[in-house]
Amino acid sequence: MTAIAQSASSETFVLNLGPQHPATHGVLRVKLVMDGEYIVEAEPVLGYIHRMHEKMGENRTWAQFLPNTGRMDYLHALAYNHNYVCLVERAASIEVPERAEYIRVITNELNRISSHLLWFGAFVLDLGGFSPLLYAFDDREQILDLLESVTGSRLTYCYFRFGGVYNDVDQDFLDGCKAFVARLRERMPMYHNLVTKNIILMKRLQDIGFIDAEMCRKYGATGPVARGAGIDFDVRRHEPYSVYPRFDFDIPVYPGCDSMARYMVRMDEMEQSMRIIEQAVGAIPEGPVMAAKAPKIIKPPKGDYYHAVETARGSFGIRAVSDGTNTPYRMKLRTPSFSNLVTFGEAAKGMLLPDALALMGSLDLVIPEIDR
Amino acid sequence: MTIDSELLRLLLYVVGFIAFIATNAAYLVWLERKEAGHIQCRIGPKEVGPFGLLQPVADGLKLMTKQLIIPKGADSFLFRLGPVLVMTPAVMCFVTIPYSDTIVARNLDVGLLAIFAFASVNVLGLLLGAWGSRNKYAVISAARVVSQNVAYEIPMLIVIVTMVMVTGTMNLHEVVTSQNGGFWHWNIFRFSASPLMPVAFLIYFVCMLAETNRAPFDMAEAESELVAGAFTEYPGMGFGVFFMGEYANIVVGTSMATILFLGGWNCPFGLWPGLHWFLIKMYALIFTVIWIRWTFPRTTFYSLLNLSWKVLIPVAFANLILTSALLKVL
Amino acid sequence: MKAYIRDIVNGTWSLLVGMAITIRYFFGPVVTLQYPHQTVPMKPRFRGHIDLVLDERKGTNKCIVCNACMKTCPSGCITLEGEKREGVKQKVLTYYQLDFTKCSLCGLCVEVCPTAALDFSKDYNLVGSQESEFVFDLLKRLEERKQ
Amino acid sequence: MDADTLKQKLAALPSAAVQELDHARRGFSLDVSLPPAQLVAAVTILDEAGYFIETITGVDWLGENAARIKEAQAAAAAKKAAAAKKAAEARKAAEEAGEPLPEEAAPEVEEEAPAPEPAVDDLEAIYDFNRYDRCHRVTLRTRAPRDKPSVPSIVHIYQAAHWHERETHDFFGIKFEGHGYLVPLLLPEDADYHPLRKDYSA
């Protein structure tokens, strides 16, 4: 920890970072007790975009809750759709045809790359670099066009259904995926030369925001935050769902425990997602896209079910309690950024303000997902 | 009463300089937005006037129409004094800059010293403005501005001392005439004085960036941390005057670089020296300043001070000692 | 000392590489679309607000007023009325109102409709000064489109 | 510490019911229900075993007891109706046979227990734990009566619980003893209502 936590001299002052602040990417307020420019204590305050999805889950039928999942983490909405749909399929034991599973994996990984690209642009913008944001958005626009041609929407998707997907993909979507992967693969070295190898950025990220494996375990941090602390935990590999076991992709793990490690994890994950897309587009089978006997009214048997999925920010889990009727009895949404943000209060002690923002950027927070 | 011709000439020069600074500040904003646009594969302002040339005029009018609100509890005198103290030294620096053989307001023998004396006053303006606006973010940025400018004043002045030693005079007109002839006469390539001359130019350029709070060193006005830093509370023309002061400082910094290192108004091939060469070199340097801004992220505060105390100052001292040794020997 | 020198040299080299990339983009092509002058060609599956489908054979809409879409909509933004006319087997639609301020474009109504009477429209630049301008009367829109 | 030693350790806790489940069917492998008193002990076992906390879910089982009693009565009524039908057939058979009506056993009308005053329903807190190296999700369930729901806090073991417990307190009103900072997390500061309770009406 380069920044030494000075003993809190008498005149500390309280600085409110947010809820309107360019670096919080949403309405998060962090109450910082500052001594000069050093942070003595940081306490995130939530609730500014709390819409109570869990109560909506209780007074909507199982099918009607689907659009809500896209509104929680709008950067990786398809993973949230995927998790909710898999949960109900597990509860009501509905079979999903092969082609639908492949389409789900392809669109999910495309959405993960678009989420990582947006994080990359916004993160370098927090550190002061403007141009990489525009290059990243240029690439992200390709993905949004691809997904729009299939799902119809660009950000908050509602494309998956219980037992399959809303409608089929055609050949030029698959060719579009191949062309996109080729284009992004040729652009990645440019990102690394412009940003990763830049001495200013390296000085900004190395040894900043120290979150080690033990702190991750105590705070339940998952996703790139845990993988940046040397923990090899990825729900796609660890608790396999859908057809992920059929693809070979590796999980980037960096033992650095600092912002640079978390940054590198996400950059490598984009490469892995591209590999998955290539394999999935190559091996997509023909066949129906919707399960033949998907029941119109979903009435899962009594009891509670849990399903977890790997989103761009970590493991997103839903615990649904069903009482046999067609509306859920209780819908608990375990979002990854909620646990990742808790580490900020601990890790930001004694840091400088710009370093704390580098740390917050490396956590890749999406505030509506924290507040639900 | 008769007006002394010298006084009239000076008056005309002052009016000319203020006009130059005002239009320059406006059109440097336009250049910056156009260049940032093209670097980021987009176009930049295009709607207002041909190629967006009237956009700065529109921005200026918009700034002037805004109401100047003084925050409650702020020290209104310091609040108003801030922008003034940033703008006037910038204008004063233009007095002794020789734009061409004949175009100079007042060719002082200690022209170089005068410019750098005025250049260090704008820190005071930023500090007073930030402190007067009673805003936490402004106070943090004021503390940063002061220590940043102090840290970067020293290597800049060491390089200036080396250049004075090489050219032997502080009179800017003679500095440029000593570099007459082709570009091999320019100070940047004067390897006879010291092989590290291009490095000295680099150090001067980096210090000039830090001095005007630009590019990787824009800690004072760090958008993503301190919202708008020292001038968070300045609406309308208060912010406009700060902006003009900043761009005037850039013009002063780049023109000093042109004079000291790139041979002022001399033509690279020694054919038709004149004002146009001075402006070409200056705007090339300004293009680089903007280019650097849209490429690099911002440094943190302690690595900024590390860079100055651990890299720039030692190398500047080495250059100083080397030059004095070589001058003694040759 | 060697590491110190190497650090400076590598650092400046990485800065120069970064600048080389941005200058290449400076002279590179412009990627953006000048919106008011050029518009984006909408994709066939783009989801605008829902609209009634024109049935060429009958010349009017295909809706049989079964209220399935009204019941399945999660945010309850569809209200419709129909009446039984003698001589016509199904009910006839008289009023179909969509409150687009609450619609989340999930497509459940389009999917559940037995006679495929609903489809997504393609207009995206809707603008209005009050909320009430976003409460569409789809039947009237169908008539206008027919002319 | 592999799965079954953990299972034995948890089963060893007094009055803890451990149940092995099929992960593919329900999503978690071990389901442990225990009284609030044993919660801290179970969580320390899991902490030593290297588990990380995923989330704390609150569930409001309002009307569960009432439903159970109604079921019991319905079952009893069904049994009585079946018994009465059997007795009627027996009588009809007896008439055909002409024998004197057998002295019917007085239809044992089980003395209709006055509907027992329904015990207070309870709020349930479900703790989810998982491992980083292999997939083994453990669910701890504790129940507390609705009128004074209090569960010991595990903030001193897992700091993440600081927020999870505040959120569960926001929505259900479960008091976590020893938490010390149960200020509303997602609800406005002065919120004294608990929206996810079944008897909450906006």
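By written order: A, B, C and D. Residues from 1 in each chain.
Throughout what follows, a contact is a pair of C-beta atoms (placed from the backbone, for glycine too) under 8 Å apart; a residue touches a chain by one contact, two chains touch by 3 or more.
Every value quoted in this text rests on a predicted model; they were computed, and no experiment measured them.
Discounting chain A, connectivity by touch gives the groups B, C | D.
The chain with its CA mean position farthest from that of chain B is D. One finds 45 Å separating the Cα centroids of chain C and chain D. Per-chain CA centroids place chain A at a distance of 33 Å from chain D. We define each chain's centre as the mean of its Cα atoms; on that basis chain B and chain D are separated by 72 Å. Shared interface positions of chain A, i.e. residues touching 2 or more other chains, are given as 131, 135, 138, 194-195, 198, 200.
Within chain D, not a single residue touches two or more of the remaining chains.
Contact of a single residue of chain B with at least two other chains is seen at positions 39-42, 294-296. Under the stated contact rule, the graph of chain-to-chain touches falls outside the line, ring, star and complete shapes.
Per the contact rule defined earlier, chains pair up in contact as A-B, A-C, A-D, B-C. By the touch criterion stated above, chain A contacts chain B in their complex at residues 2, 13, 15, 21-23, 36-37, 124-131, 134-135, 138, 194-195, 198, 200-201, 203-204, 352-355, 357. Taken together, the chain A residues at the contact with chain C in this complex read 60, 63-68, 71, 131, 135, 138, 145, 148-153, 156, 158, 161, 166-167, 190, 193-195, 197-200. Listed in rising order, the residues of chain B touching chain A in the complex are 36, 39-42, 136-137, 140, 143-144, 216, 218-219, 222-225, 227, 294-303. On chain C, the positions that touch chain B within their shared complex are 8, 15, 18-19, 21-23, 25-32, 34. Looking at the complex, you find that chain C touches chain A at residues 10-12, 14-15, 17-18, 21-22, 25, 31, 43, 45-47, 72-74, 104-108, 111, 120.
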